[in-house]
Structure formats: C-alpha cells, structure tokens
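Read the structure below first, then the notes.
All chains are identified by letter, namely A, B and C, in their written order; residue positions are counted from 1 within each chain.
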Amino acid sequence: MIITLTSDFGKQSQGVGMMEAAIAEIAPSARVIHYAHGIEPFAITSAARVLETVQFVAPAIHVCVCDPGVGTSRRPIALATRRGDILVGPDNGVVLPAARVLGGIVEIREISNRSLLRPSVSTVFHGRDVFCPAAAHLAIGVSFESLGSLVAKNSLIGAPYGEAEARDGRWAARVIHIDRFGNAHLNIASRPWRASGGADHMNVAVLVRGEHQVIVKRRVAFGEVKESLPVLLDENDGRVALAINQGSFAAIHGLRLNDEIVVDCSGRRADD
Amino acid sequence: MIITLTSDFGKQSQGVGMMEAAIAEIAPSARVIHYAHGIEPFAITSAARVLETVQFVAPAIHVCVCDPGVGTSRRPIALATRRGDILVGPDNGVVLPAARVLGGIVEIREISNRSLLRPSVSTVFHGRDVFCPAAAHLAIGVSFESLGSLVAKNSLIGAPYGEAEARDGRWAARVIHIDRFGNAHLNIASRPWRASGGADHMNVAVLVRGEHQVIVKRRVAFGEVKESLPVLLDENDGRVALAINQGSFAAIHGLRLNDEIVVDCSGRRADD
Amino acid sequence: MIITLTSDFGKQSQGVGMMEAAIAEIAPSARVIHYAHGIEPFAITSAARVLETVQFVAPAIHVCVCDPGVGTSRRPIALATRRGDILVGPDNGVVLPAARVLGGIVEIREISNRSLLRPSVSTVFHGRDVFCPAAAHLAIGVSFESLGSLVAKNSLIGAPYGEAEARDGRWAARVIHIDRFGNAHLNIASRPWRASGGADHMNVAVLVRGEHQVIVKRRVAFGEVKESLPVLLDENDGRVALAINQGSFAAIHGLRLNDEIVVDCSGRRADD
C-alpha cells in the first residue's frame, strides 16, 4: 500500500522525517512517497492544486498537511473518493479539489478514534500525531468506518478555489499555484479549455490583475517556442498554465497566488 | 531496522543520495528515513536541536552529519543511548543534546574498524564513507563493540548548548534553531518550563538580544491567537519556541542562531 | 534493483513524487533513491556533473531529467555502460560525462517501445511518462534491447563539457557545478590532476574569468586550513573544486556556471 505525503513543511525537514517515522512504526510495509513538500506556508490554495495532480498516479492514500488551524476545533477528516483513493487532512478545504478530480466523494469520516492516533497528540503537529497514524492504520487494513463518525458533505469547509468558466470566449481565472519554474497554474481545467475550441498555436490575450496585457501562444510544448517567449500550456497536469520557455512567467509579471487572470480567446489577434 | 539521516547537505543533493546508496549496498533491507537535511551549513547548534526531536519517533539508528572538522583528527563516534537508539556522527558535540533527551549515554565507541567502512575513505565526505557504512553494519547485526575502541564520556567535545535555567522567574536563554516558519526554538525544555508555573494565556516579556522587548502570550496553539500575533509555544517538540501565527518571528525580530533571549515570567504584565 | 533519480525539478515537488509513483506502479520492489533534485533549471552542465558522481555508489539504473527540449523531436535514450550501470534520459548530452566515468558506452537504445511507457505521454513531463517507466521495466527484467532501436554513438548530441587539459602546468578549465556550500567544481578530473604533479599544500594561482587572480592552497581537507581561507580540493568526488573553509568560494568571487578558470601550477609562488 502506498501513502503519499504532501505538506507545507520545509523540504526534508524533521517534520517530514517524523511523519514517515510515525507511519513506519504502525505500517512498516507501507511505502511512503514524499509527494510534495515545501509548499508555501499556509497556502491552502497551492497545496490543494498540488494534491490534485495525484490523479496522474495510481490510487493510494494521500495525506495533505497544510493546516494553519491546527490546535483549534477544525476537524481532522478522511475522504473516500470514487476512484479508490483516500484523502486525509484537515477540514479546511485543502483536499476538496483533489476529491473532485478523483471522481467525487463517496464517504467522509472525522478522524476521532483515539486508539488510531499517537498516544499523545500535540496541539501543533497533527501530521505526525493524527493524519499519518490514521493513514498508516488504513494501510494495514483498519476499516475506513473505524476512523470515526460520518461527516456530512455540506458541513465541510469549502474548497479554496472553484473552476473558472468561459463566457463569450473570456475566462475569468485565478492563479492557484506557481511552480519552481515560475509557471502560473490557473483554475482552468484542460478538458473544458480544449472543449471550448481554439486552434493550437493561436495567440490569446492574457490580462494580468486587470493591469497589463500579454499576448501568448496557446497549447505548444516548451521546446516549440523560442527561449524567453510566453506560452499557454494546457498539458500541465490537468490545468492550463502560463509559462515562458526557459524563463519564469511569474517573476517577469510579478504574479502571486490568487492573482486574477483574464484569458481572452474571443477573437483573432492582430498579430496572429 | 530504521536508519535516519540528518545533515547540513543540500536537500536532495547527491550527498544525500550517496549516503542512502552507501547504506543500501551494505544493508539492503534497512529502511532509510531522510529525517532532516539542508540544515544551515556548519551550524552544529541547529543540527543538534533538530536531532533532539528523534525522541518523538521510535528508537532507531540516527546518523547526523554536520561536520566542519571532516578530514582533521576529530573522531567519528557512535553512542548507545539508554532508550535504545544509537547516534552516529562526528565528535563535535552535535549528537550530545539528543543523547541527553534519549535517556543519556550507555556506551561510546570510536568508529575505527576499517573493515566496516568504505574501502576508500575520502577526506571530505565521512557521511558516505564512515558514518553511513558504520550505521548500515549495525543495522545488519554487527555488534556495537566491533565499531572500535571505547571512548570515555569526559573526552568528548562538549554539546553546542546547555539548558537554560530560571532564576526568580527569568530565563536567560538562547536561540538554538530557527525553523522554516521562522519559529525560534530556545534552549528551554518544555518540562522545566511547565514545572516553573505560570498560567496558559499569560503574557510574558521577552527581551531580544538585550535590545528590545516583546510581549507574547504563552502556551497556546497557533490557531488560538489572531494572525500576526506572537506566541510562546511550549509544545514545539520538547522545547519552548517564539512564534507568530502565520508569520515569522525570526524575520520580524531579526533573530539569528545563538541570539540571547531573556524570557521574564516574574510578574503580571500591565496588559494581562 | 536500485533506480536513482536526478532532476532539475523542485526538491520534493510533485514532479519528483510522481516519478517515484510511476516507478512503484510498474516495479513495486525496485528501490528508488532520490539521488539529486533541485538542480538549477535547464542547467545541463550542472546536472551532468552531478550525475557523474554515481561512480561512487554501486551500479544501478540512473534516470536523469534535465530536459529543456521536452516535447520536441529530441530522442529519449538509454545507455548501457561498461561498469554495468544504465543511464536513462534525454539525448541532450546530459548523461555523457557519467557514461565516460562509468567506463564508456556499450550500447545505446532509443526509448521508443510504446508498450513500456505510460499509456498517455504528455508533451511536458517525460520523466514520469517515458524515462521512469522505461527504467522501471528494466528493473523488473525487461531486456535492454526491447526499449527500442539501436542508436549510433556519433549521432548523439555532445556532452555539455569536455575535460580540461594541462599545458605547461596551466589548466584552462570551466566551472561545471556550484554546490550548496558554494564550492565550484571544475572540469579537471582528480586523476590527471594528481598525475600532473605538484605537492600538497603548494600554493597555486587561480585566474577567475580572466579578471582577477586568487592564490589558493591545493589538496588539503577543509579542516586543515583556517576558516575563510580558499583551498583547491582534489577529493571532491572525482573532480577538482575551488572552495573556502566554512565559506562560499562562488559567492565571494561571483562565480557562475561555465565561467572560465585558469589554474596555474607552473611555478612556485612568492608566498609559498
């Protein structure tokens, strides 16, 4: 059984090491994959986007710890999804976009069964004391039901972002993740984007924060445009992303998480 | 058998990869947990503090490589602790605070048995050539005694920090680690801190480097104070830490490793 | 079987996690060692240098993903080396220096057998969709031949750097990697360097970018020189490197990848 870990802890910090050790103690034969760490601290939006990408790997138990409310009354939860994955994390919306792309939610449990947690639960580190022990117990065959009481879907804290929709060829979108290369991922999913038409290599107008406009080529591989030219990729793990070949779109345009981006595919550009 | 690795090497740098490979060659079935890497280069204080936190995971063999004296005559050592952990690293004090919290030292050996090391030992990388091979041999059942000759406790280089003590409610402490969130860990252990009294949510005065004073709330979860407010947490893996909810205490107060911090719990604050 | 992964992806980013998951799906019992990640984006020179260091660990399958041409017609390739390692990556030169130090190339295959790749191959992430699945299939016993058609050695894109040679005691070299400590690795291999003579602790003149000269001591362990003094180490994993004891040579001298460095061992220095 595979357990993936995603967090806003420092990469290879002891928080990460302690989570793996907590799993190894309960489920020595479970394989821990450090899926992504070092997410911007407290950036639930970014963590949620990263977690979505588990749709491109085999079904597993996925633990996500981006948890500014740790120690308060926010609930620890586990969600069983239609594809067969189980998502484990805080009830702050961070796992909901992943649940959506994994086919939707089948059942939600609050993690409240103390016998499945570490004997002493700290107020600052539920990754080690609650989420990972719960995931490890699932990995060794403890039933989903035994985690704790059922949770109603409509009682959950909402997702940090919704899906952008097109209106007359204009998408009012947001930056939901900036990766190491400075690519800005948008809340536009690849499927509706492609379905909305528009040819490859077409130019589209991108309005950044309502402030300035950039003309970018759409749907090309990095290698197909010259260095330093902007592209609008729709193959970036299920979402449309603004990128620059061998450069950083985010740095050049001063982008930050949650910035508003309007992508206008409504007309042929003068410079097509 | 679990071997944890802690170092000041770059996170996921080849130094880290080579250490795991060196273990895998000798002890293929040992599980390597990358406990913490990327510690500030040569910061023995910080590495020692991080290593202390293995008290919160199950007993294991712990290798710690923060080793500015590599290639000189400083000894490579292994310490058996009362809890059952074995600590492996250079004789520069870095493993001593961990030994203390793991119940104290039972036996110390110099790692001098060449047949347990890599055939060719470089002068720059004892993590790969000495410490990890020694740990791997222990993991496959080689006896602790066979590592090399006994070392007297009083011949060891001292720990990089001692324990702060309270006098009339005032703690003269030091910053011994700054984590990714900017929390500043102090050489005040949670147990004596709690034993010294003082109610939760009490305000205490913190004097930073003798320069300026900050009033902080003590012993609350992050989520219990408003964003941007400072707290004095005593649940941070065995030590008291200065933190800011969703902010960086270290950045705002310009803190550095080893800075002096006086925590004054002697009186009720005017603003209690 | 061990598969090592080296990439310019963010450390512990989901790209790294997805690569391990892609391997685990095909070859659950293969051990994945995250050899090095977070290499400077698109820096083929640096990635190639890092990959060379696998000569110091046991033979394995090594995947290297530094791939600015992904999505173009550049070929995905696998090289069998004389030592027994298999190198997997893009045909952009990045694996060639490693092949050289592993005894040279025995056979090269293009990775073109679609049945060994992921069902859907994206244009942006061949690490997950092509290189790792190919490596995983090799790990479970699929034959090297079945990867795809033979590739002629002389059809490969060249290595990002050659080997510096000495002329009258002067080496015209280049910076091929800068590590976390600010050590600047040169394209001078340790063996010819030592063979060229010159005593340990001798001073040599180093000309940086033709601009300024630094006098450094050669072939000493860090610990043997005083803090902040420069050294020319020849024990840095097979190559000569410019370093400063507990400091950063690269930062102090403003070094960048590919900078020209002349190392002059032709005469005794005045200050010897």
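Following the convention adopted for this analysis, a contact is a pair of C-beta atoms (placed from the backbone, for glycine too) under 8 Å apart; a residue touches a chain by one contact, two chains touch by 3 or more.
Fair warning: this is a prediction, and the values are worked out from it, not measured in the lab.
Colleague: Chains touching chain B and chain C alike, please list them.
Modeller: Neighbours common to chain B and chain C are A.
Colleague: Over half of interface residue numbers shared between chain A and chain C means same, under half means different, so which is it?
Modeller: Both copies, chain A as well as chain C, present different residues to each other, with under half of the numbers appearing on both sides.
Colleague: How many Å are there between the centre of chain A and the centre of chain C, using C-alpha atoms for each centre?
Modeller: Using C-alpha averages as centres, the distance is 32 Å.
Colleague: Among the residues of chain C, which ones contact at least 2 other chains?
Modeller: 11-12, 16, in rising order.
Colleague: Applying the document's contact rule, which stretches of chain C touch chain A when the two form their complex?
Modeller: 9-14, 16-18, 20-22, 24-25, 28, 41-42, 68-72, 74, 122-125, 128
Colleague: How about chain C: which of its residues touch chain B in the complex?
Modeller: Its residues touching chain B are 2, 4, 6, 11-12, 16, 31, 33-38, 50, 53, 56-58, 60, 179-181, 220-224, 233, 235-237, 245-246.
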